[in-house]
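First up is the structure itself, then whatever we jot down about it.
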Amino acid sequence: MSFVPADPAFVERTRASFARQGIMALIGATLERVEPGVVEIALPFKPELSQQHGFFHAGVLATIADSAAGYAAFTLFPADAAVLTVEYKINLMAAADGDKLTAVGKVIRTGRTLTVCQFDVHVEKQARATHCATGVETLIALVGRSGVRG
Amino acid sequence: MSFVPADPAFVERTRASFARQGIMALIGATLERVEPGVVEIALPFKPELSQQHGFFHAGVLATIADSAAGYAAFTLFPADAAVLTVEYKINLMAAADGDKLTAVGKVIRTGRTLTVCQFDVHVEKQARATHCATGVETLIALVGRSGVRG
Amino acid sequence: MSFVPADPAFVERTRASFARQGIMALIGATLERVEPGVVEIALPFKPELSQQHGFFHAGVLATIADSAAGYAAFTLFPADAAVLTVEYKINLMAAADGDKLTAVGKVIRTGRTLTVCQFDVHVEKQARATHCATGVETLIALVGRSGVRG
Amino acid sequence: MSFVPADPAFVERTRASFARQGIMALIGATLERVEPGVVEIALPFKPELSQQHGFFHAGVLATIADSAAGYAAFTLFPADAAVLTVEYKINLMAAADGDKLTAVGKVIRTGRTLTVCQFDVHVEKQARATHCATGVETLIALVGRSGVRG
């Protein structure tokens, strides 16, 4: 599907918002791709991101998947709208055992208030990628709420 | 509902597994309660855990919710079984704007292979708690997989 | 949690809306309970409701669970608002093998636009009830959309 | 993705199982496509399938979506395995206002025990199709359970 962003400065606006997410710096995630309705986030492994078996923790994986989906929606929002996650569902299909995660969020439906996105996460191990998670997420556009920007 | 753990040493086993989750140390989460089928995790706020509006990031919240549900299931597993998250769904019902998160996971159904848990997350701000997230999670018990323990 | 309905005539309004759902008559479902934020629907078994093993089909079960949650939200809406399901997630925890299903929907959070409900479904077989499904559902209140009432 | 069915007679086995689902005959759903890992089900509108606004009820839509996903998984199972839905999540992205629904289920990951599928539902009105629902579903393969076949 092809989308036309309401705000021509959507790339800068998305990058600026991402830069304000303290958690992305803490875990070491980077914004790899910002297109209309599509956002990709990458995250290299470090032991601090592990669950008890030494793989990426599902919550870390979900953190970048949620941000990828949220920013995919955000690319299509007007300049004065903020994005909040309403809900998501994630299936962890394979152990996130590897050196790097890549999460891609894609808008599949935009509405007056709500946007629906899909996300997919792959884990790379020695240059082989495994599709380790998929999900669906609902986002809401908020306009004019004090204290909530971008 | 009341459950009888298969392993009398379930508290120690759960605490030991939690201690191996690198991500819990990184974000500063602590294991507050371990009972048969019920686990509670707490997490004080710090700016590194924020999303772009300065609240707890949904992914951080989901990280402790997922672990609370996973360990709730784990308390009922036999000593040689590991736990993996199959999938979960989370609704973010209010902004996680506050000083501390508390996530409680509870087993609602155990089966031969799969366990279903509910989780609820509250955020505290100046001693007032808000129910900010709820969800349902499916866990699988793995026995005898090399490289995967507790 | 206790809720105060915006419309004092919420019981009649809910019953009238339920009566317009053709599918409820087709499958034979009945509205058993309408309270502020809580709705219960019952459904006796008949072979036309089965999946391939002769149990209630998951979709039939989900149909009454979705309506129970939707009408639970609807009880709290103003008189001129319609309800639509945004999304739901359901876990089928035991085979729906029995004579009768009972679905209870409960509001757990109301907001300006969105309402979050939980639902639980029990199946009765020879007077023994089994908790066979649980889920979380998001509803939206629509006001002033032509062609969409109650 | 391309899959090789374990049972060469997967088409006949899937059609035979579908024919045993009483609910499909009751609502008037038909099996349109059975390929390795992909199943499509169609359903013409009739007033008995409606919710209160005269559109297809979300539960009816979910019923065929769930069966499409379940049978998509089933096409890849060995001849002696039955399929049960573990859970699913569905987003209703547009009112199911039209003459006919088409649900397509696709396998995205197979495992030893669990299979993950996606499903998408379109509604047709005067030859124009709208993508009205999407979701993710987890299925389990059961082997050797008495009373549960195909």
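The letters A, B, C and D name the chains in turn, as written, and every chain counts its residues from 1.
In this text, a residue touches a chain if its C-beta (ideal position, glycine included) is under 8 Å from a C-beta of that chain, and two chains touch if they have at least 3 such contacts.
These numbers come from a predicted model, not from an experiment.
Simply put, chain A must spin 180° to overlay its Cα atoms on chain C, rounded in steps of 5.
Matching B-C against the pairs in A-B, A-C or A-D identifies A-D as its interface repeat (over half of contact pairs the same by residue number). Taking the mean Cα position of each chain as its centre, D sits at the greatest distance from chain B. By number of C-beta pairs in contact, C-D leads over the other of B-D and C-D. Mean C-alpha position of chain B lies 32 Å from that of chain D. Centroids of chain C and chain D (each the mean of its C-alpha atoms) stand 22 Å apart. Multi-chain contact residues of chain B (touching two or more other chains) are listed as 86-87, 89, 91, 136, 138.
Within the complex formed with chain C, the chain B residues making contact are 89, 91, 93-94, 108-109, 111, 116, 118, 131, 134-136, 138. Per the touch definition, chain A reaches chain B in the complex via residues 17-18, 20-23, 25-27, 47-53, 57-60, 62-67, 82, 84-92, 95, 147-150.
Chain A contributes residues 86-87, 89, 113-114, 136, 138, 140 to its touches with chain C in the complex.
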